[in-house]
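Lettered A, B, C, D and E in written order, each chain numbered from 1.
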Amino acid sequence: MKLGRKIAVSESSKSGLPPGTLIHVGDRDPAPTHARYFEYNQNGTEEKKPTNPDELSTNTDTCTWIKISGLADIEKIKQIGAFLSLHPLTLEDILNTNQRPKYEEFDDYLYLVLKIIRIEKDGGASTGDNSAEAGKETPCIRQDNDEQSDEKYNITSAQLSIILTERGVCSFEENESNIFDSVITRLFDEKSRIRKYGPDYLMYALTDCVVDNYFLVFERIGEDIEDLEEKIIDGTDPDVMEEIYTLKRNLLDIRKRVWPLRETISGIIRSKPDFISEQTEVFLKDVSDHLYQLNDILESYREMSTGLYEIHLSTLSNRMNEVMKVLTIIATIFIPLTFIAGIYGMNFASMPELQWEFGYPAAILAMLVTAGIMVLYFRKKQWI
Amino acid sequence: MKLGRKIAVSESSKSGLPPGTLIHVGDRDPAPTHARYFEYNQNGTEEKKPTNPDELSTNTDTCTWIKISGLADIEKIKQIGAFLSLHPLTLEDILNTNQRPKYEEFDDYLYLVLKIIRIEKDGGASTGDNSAEAGKETPCIRQDNDEQSDEKYNITSAQLSIILTERGVCSFEENESNIFDSVITRLFDEKSRIRKYGPDYLMYALTDCVVDNYFLVFERIGEDIEDLEEKIIDGTDPDVMEEIYTLKRNLLDIRKRVWPLRETISGIIRSKPDFISEQTEVFLKDVSDHLYQLNDILESYREMSTGLYEIHLSTLSNRMNEVMKVLTIIATIFIPLTFIAGIYGMNFASMPELQWEFGYPAAILAMLVTAGIMVLYFRKKQWI
Amino acid sequence: MKLGRKIAVSESSKSGLPPGTLIHVGDRDPAPTHARYFEYNQNGTEEKKPTNPDELSTNTDTCTWIKISGLADIEKIKQIGAFLSLHPLTLEDILNTNQRPKYEEFDDYLYLVLKIIRIEKDGGASTGDNSAEAGKETPCIRQDNDEQSDEKYNITSAQLSIILTERGVCSFEENESNIFDSVITRLFDEKSRIRKYGPDYLMYALTDCVVDNYFLVFERIGEDIEDLEEKIIDGTDPDVMEEIYTLKRNLLDIRKRVWPLRETISGIIRSKPDFISEQTEVFLKDVSDHLYQLNDILESYREMSTGLYEIHLSTLSNRMNEVMKVLTIIATIFIPLTFIAGIYGMNFASMPELQWEFGYPAAILAMLVTAGIMVLYFRKKQWI
Amino acid sequence: MKLGRKIAVSESSKSGLPPGTLIHVGDRDPAPTHARYFEYNQNGTEEKKPTNPDELSTNTDTCTWIKISGLADIEKIKQIGAFLSLHPLTLEDILNTNQRPKYEEFDDYLYLVLKIIRIEKDGGASTGDNSAEAGKETPCIRQDNDEQSDEKYNITSAQLSIILTERGVCSFEENESNIFDSVITRLFDEKSRIRKYGPDYLMYALTDCVVDNYFLVFERIGEDIEDLEEKIIDGTDPDVMEEIYTLKRNLLDIRKRVWPLRETISGIIRSKPDFISEQTEVFLKDVSDHLYQLNDILESYREMSTGLYEIHLSTLSNRMNEVMKVLTIIATIFIPLTFIAGIYGMNFASMPELQWEFGYPAAILAMLVTAGIMVLYFRKKQWI
Amino acid sequence: MKLGRKIAVSESSKSGLPPGTLIHVGDRDPAPTHARYFEYNQNGTEEKKPTNPDELSTNTDTCTWIKISGLADIEKIKQIGAFLSLHPLTLEDILNTNQRPKYEEFDDYLYLVLKIIRIEKDGGASTGDNSAEAGKETPCIRQDNDEQSDEKYNITSAQLSIILTERGVCSFEENESNIFDSVITRLFDEKSRIRKYGPDYLMYALTDCVVDNYFLVFERIGEDIEDLEEKIIDGTDPDVMEEIYTLKRNLLDIRKRVWPLRETISGIIRSKPDFISEQTEVFLKDVSDHLYQLNDILESYREMSTGLYEIHLSTLSNRMNEVMKVLTIIATIFIPLTFIAGIYGMNFASMPELQWEFGYPAAILAMLVTAGIMVLYFRKKQWI
């Protein structure tokens, strides 16, 4: 079994460049950039196709959602950055897909970074509504199940940057995906809250969508843990230790992406920025609750993986004990018998027993008695 | 032994739906909804049977306790939510039985979520006063004792949501149970504090009831730990490791349910909401003390389970040592003897010893001496 | 060796009863109640024997110490509770001997709970000045030393509740004991600070007495650790692992009783209640220092017990290694020799060596050379 | 394999001297001192070569960067200290290269200490742009790979002290290096932010440069972990445990240098000193984010190294199991066979079987049957 | 090897006595008391020899340093306590040498307790400038190196109490030592800061002296760790586990003495007492930095000692594996051969092979082939 997944550290490719230099930093080539523009208010929603963001409505009655996916087209992203008057460091962070989940408040906008984690069947469509362009993503988590080919899957991670201004939201996804399809559907639904509430609610809806997706991933890992439990107790799979290690590493990876988000959302709620209305705050608290729950589960999983290691070690010792017992029983029974046979195989001229009429049966009897004593001894020791 | 209990993550079934959508989320089918209505004041208590919550007395002199059990009838719950003017997210949380213990303060009410944990004999009535409709509950904790059938039991968990308004309490249990029978009895008792104090005291009484029940569960787990201790030191049960793992996992599960409650109750006391009078606060502090005590016990149990693992490992090593010693003693004594016998079994034409008159007894003597030296050596090593 | 000490969770016996119900809760039957009444001021101390607390002097110049031991007589305790106008929950806490160390401030009094821990020789008088009625106490900690009967002892725990009012102190001990004899002696000493300072100093004196006693217990455990160290390195005692486990469990038990007291005393100092004068505060800080020191020692002991486990595991492995080496050396030397003997024991018609004149000595020589090579090999490996 | 790298504690060489005594303290001899002087403002940058710092322009329009590398020339450093009117303790700290990363605010300047960590090929040029004078540095981290000579490298650490005054920056590097070449290049670039912003931005640029370099080191360690993973699973390298230990020790070393820097930078941001403008603060927050990310990675690495140890232990046990199985199978099959052969090798006068016509084939058959049963038994046990 | 060092808990000898009773509490007999009196100001320093502290100059222009070493003469210490008007509890703390490092602020003085840790060659002079009267000190830390007698040393701990008043410093050392010789020398040096700054600087100088000494001790322990690393990898020393345990215990001991001091010094800086001038505060921060650094090193050492244990365990397993392999190879090669020999040693009347002309060489050949196959198999398994 091969564990050798690339550990992403990166950032190093920019070493020596001045800060604010706009180049893409990440573990893989950036996906091509697609942009969609939505304008909505309580009365209706419209998808626009401007050639330039500046053509977007300046009507203060409507909210705008600029949905960018793929970060290859740096020029376009610069253009949008200029349109929203983003700080150079924010633009740099959007292009660097190794960010830690965080939020930053600027005078004109709030910047939120989080991680989308998705399950994908190996070489096929993803589970549920997440059938993104899998080919383009470096698998960040891979769980190989060599025996049951139907269980192979990847868990991939992609960065999502959200810019919340007073009049709209701009989201930058690392790859094209359909994770926000349900949000778009609700945007076109007359009765949905998204249209009634402001852009802060849209930001919440996107975040909620991402967090809900985490639950899918966690469910899958929970199933993996149960499979592992069974395998370990069966004790037939020699690669079980590597699977435990892979599990632990996956949990570390996910924790790195989910843990800071909890702090981030709590931070937004605590600092009560101007961009977030009170009615949306209640919903953000709900997301925060979910993240606390996810962290509880994550910690349980981590402790369980330690428990699995302990069972595995104990199983190994148990098996060794069993092997040793078999050896000991066989050897301990036959070695004295062989010795008795050896004695009467000696060629001394005068060995009176050899001439006895019942010498042979007596020797056999002696052997049986010896073996019997041994067996009784092992019974007493509860080895047999 | 099968460990494969379903790990509940859920929430995923709602992935993609707008927040506030009212569908039941949980690990099992919801139980049918039963509602009981109590109106009480210092003068008396009455159980009402309105067809609609709006028919309840609007008399400001009386307090109301609406006791809902089972969450299947979403319409009815919506109705009650409307009657109490609950926030959509609160209603959603009531229906989602995977909540973390928490409280939330709204303008009109205080919302508290906690977990009822109950012991149930496998396939029979539960212990003590908790003989609920066991069949309807997914066992959240199961301790299999294949040998002693009388020790089989389940520990199940059910969610309890409490809404505290100025004029009453509304409790939503996940399943019908008799855990609050004692509270109902006291409600009809003339001298009880429940009737004298306001609805906040009723909320406290329900919480106290739930926390008292935890002690029952902990007592049971304490007994299990003692059983495990004995089994491990006996060292005859090969499945002991799985039992330790199950114990650890049960403790993780319980901790996930009890630990946040401590913070929740402390939070209520700290934030001093309007709904809680000062006289009830003293009682809440008492509950908080109990929760601190439970957490102390829980941590002790967790450390003990680690200690049990260590004894188990050490017992395995000890047993291996013993097996090895037996093998080594037998092999080490007989191998040289067999060698001596082998020498005199050789067929060389000229082996003078073979013709000696006392060759045979001399060989036997040599063997005895060798064996004696070995035995003395092992005595010195304290192996025998 | 039997580990099966009862793990105390209790509280469960009250499950379902309304809070404030006065029944005794604890791991054992309550001891009979004895009460002593002291009145003192700077001029003198007097022990009174009133039939009723109300007969006590109402002179505001004197301080009163009501010393209750044994909690069996609930009526008497209720009477005293009424005399001091205690809150029902305080009375309940006094009777529940499973409290966690804590303090609570009420309008009229301050309530402090702590744990007395005492060493008792098994079946005999206790060490030092602590010769309480040992028979009445459930041993909370027991250290069995089957070999050296003179080392057997119990460590028992008993609850002490202190009520501090403006005019006096009331102490409730779980059992009769002589732990406070020195305080009584000082009370009758003209020059002692107790008589000069107020009742807050008396409360401090009682607390200090209890904390000083902890040091005795810790010293004893320290000696046990040293005994264990020697036993483990000797490596002859097979029950050493259970002793380590018992040690860890004892430390857990003691920590549960001592750790919260540190927080409690620090809390009193921080909150500066009216009942505590500034001059007594300095003394309480001294107690607090001692508790910090005790916690340092406790943590050291806990880490040491982990270290002992590690030595034990390593000793087991070492011993296994030694056993294996002996087996390997003997087997490896004699197996080839036996094989050579076996060859010349074959009955082939034409085996020229058998007819050689020096065949036999040559075979013996071959065996010696083989054995010599083996011995040299093991020398090189440093196994011999 | 030799682990014996010198653990640096030092400071001891100054024991007994009055504080403020200026002698160099460190693990190695100080490198010769080189000084470069830059004066810049928005209009241009000039490198000056004054014989004395006092000759530097006193024009308040220009900023000054005094770049010192090598700390051997204490006189020169004293001179510069006097020119900048540094506190004696600051000067002492600059010369003591065992400082912990920290910052200190004085009336006239801000003092920041951090650690440069660099990768160096063993005995050759360093990786990337860090080809410093490797010979002069005591390797603080060394990863020996005896087999693959192309993988040998050192990770060295050097101290960087930065003094930020209102009018300039003074940096003290422990050794000459080219790590800041990119900063110098940008200084001479007309459009760079360094020239537009004040000296606080220059301080940031230097810090950013150092932190970017950490990512290079982390990438390298990540690759090492992957190599180790493969080696451990292969299980052929007996020195794997020492490599895990070296890895852990390297991570401890790096953590000691990186961890406090996070706190330091956060502290600067929190305390908002006068020397740092608001526009630079945003950039410092970016550095802080990077440091949080680095710490996340570091913790992952540390947990992975624990995981590697666990795999290694489990691999060892597995291998032992395999060895034991082979021994047990061979011994268990042949010992009974040898016993049968031994029986018919006995020399009893009357052994009827010996005279049977098909005695020999029958004995062989008995052996084959015995062996067959054994093989089937091992099959059932899944040992074969 | 004997581990049995006395674990000091003490305090128990005072159990039952009223607080403030002045008796010496400690692990050993107190050393005889020596007192030295220094009066100094900017103009000069004078050592006085008063028979009574009251004879000391009352001139407010001079500062006084009363340097007491040895705590046997309680009368003298009481006298000085009266002269400085110390609180009874302070005097008690000075005499109790089991204090935790701490500081306390009183109206008239500041009381600081810390621990001097010193290295001493076993039975000889101490290292460096610390050649105290070693014989009088109970070794608190002992590192036995039975093989290399030149490496034997003790690490002893002694308590230092410092009283800082407005006009002077009074230091109480547990034993006579020359640790402060350098401070005395500087006191007589005209240009030294001690004479220019107030008594707070003298307190700092003494503290700094003690902390600098810690570095010496840490360096020594660092060397020990390196020695242990080599021993463990060599794997020849069977007592290595006890040495690891001793190391861990020493680190625990030192931590108990150094860790609280960090908090103490930080506390002094935070609370800014009147006795400490701002110019001295800068120096105290420097001491605080050193203590943070020491704690970093201490934590590294503790993690390293865990790492050493892991290597040791892995080395043990490795060695076991090697032993098992040798046994398995020898046994597995010879057991089948011996079996073949056994077959042809049978005495059946009709064994055709025995009569073949080349029966014997054929049998030998069969054995060689069998052995060859085994050897190839082990080669494939990489056991040879």
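As a working rule, contacts are C-beta pairs under 8 Å (C-beta built on N, C-alpha and C of every residue); 3 or more make two chains touch, one makes a residue touch a chain.
Note that the structure is a prediction, hence the values are computed from the model and not measured.
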item	value
Angle of the C-alpha superposing rotation, subunit A to subunit C, to the nearest 5 degrees	145
Separation of subunit B from subunit E, taking each centre as the mean of its C-alpha atoms, in whole Å	43
Centroid spacing, where centroids are CA-atom means, of subunit D and subunit E in whole angstrom	27
Interface hub residues of subunit C, defined as touching at least two other chains	313, 317, 320, 324, 327, 331, 335, 338, 342, 345-347, 351
Chain contact graph, described as a line, ring, star, complete graph or other shape	ring
Going round from subunit A, first to subunit B: chain order	A, B, C, E, D
Subunit B-facing residues of subunit A, complex	128-129, 181-182, 186, 192-194, 205, 208-209, 212-213, 215-216, 218-219, 222-223, 225-226, 229-230, 233, 282-283, 285-286, 289-290, 292-293, 296-297, 300, 303-304, 307-308, 310-311, 313-315, 317-318, 320-321, 324-325, 327-328, 331-332, 335-336, 338-339, 342-343, 345-351, 382-383
Complex interface listing, subunit A residues touching subunit D	1-7, 9-12, 14-20, 87, 89, 93, 98-100, 102, 104, 236, 238, 241-242, 244-245, 248-249, 252-253, 256, 260, 309, 312-313, 316-317, 319-320, 323-324, 326-327, 330-331, 334-335, 337-338, 341-342, 344-347, 351, 353-357, 359-360, 363-364
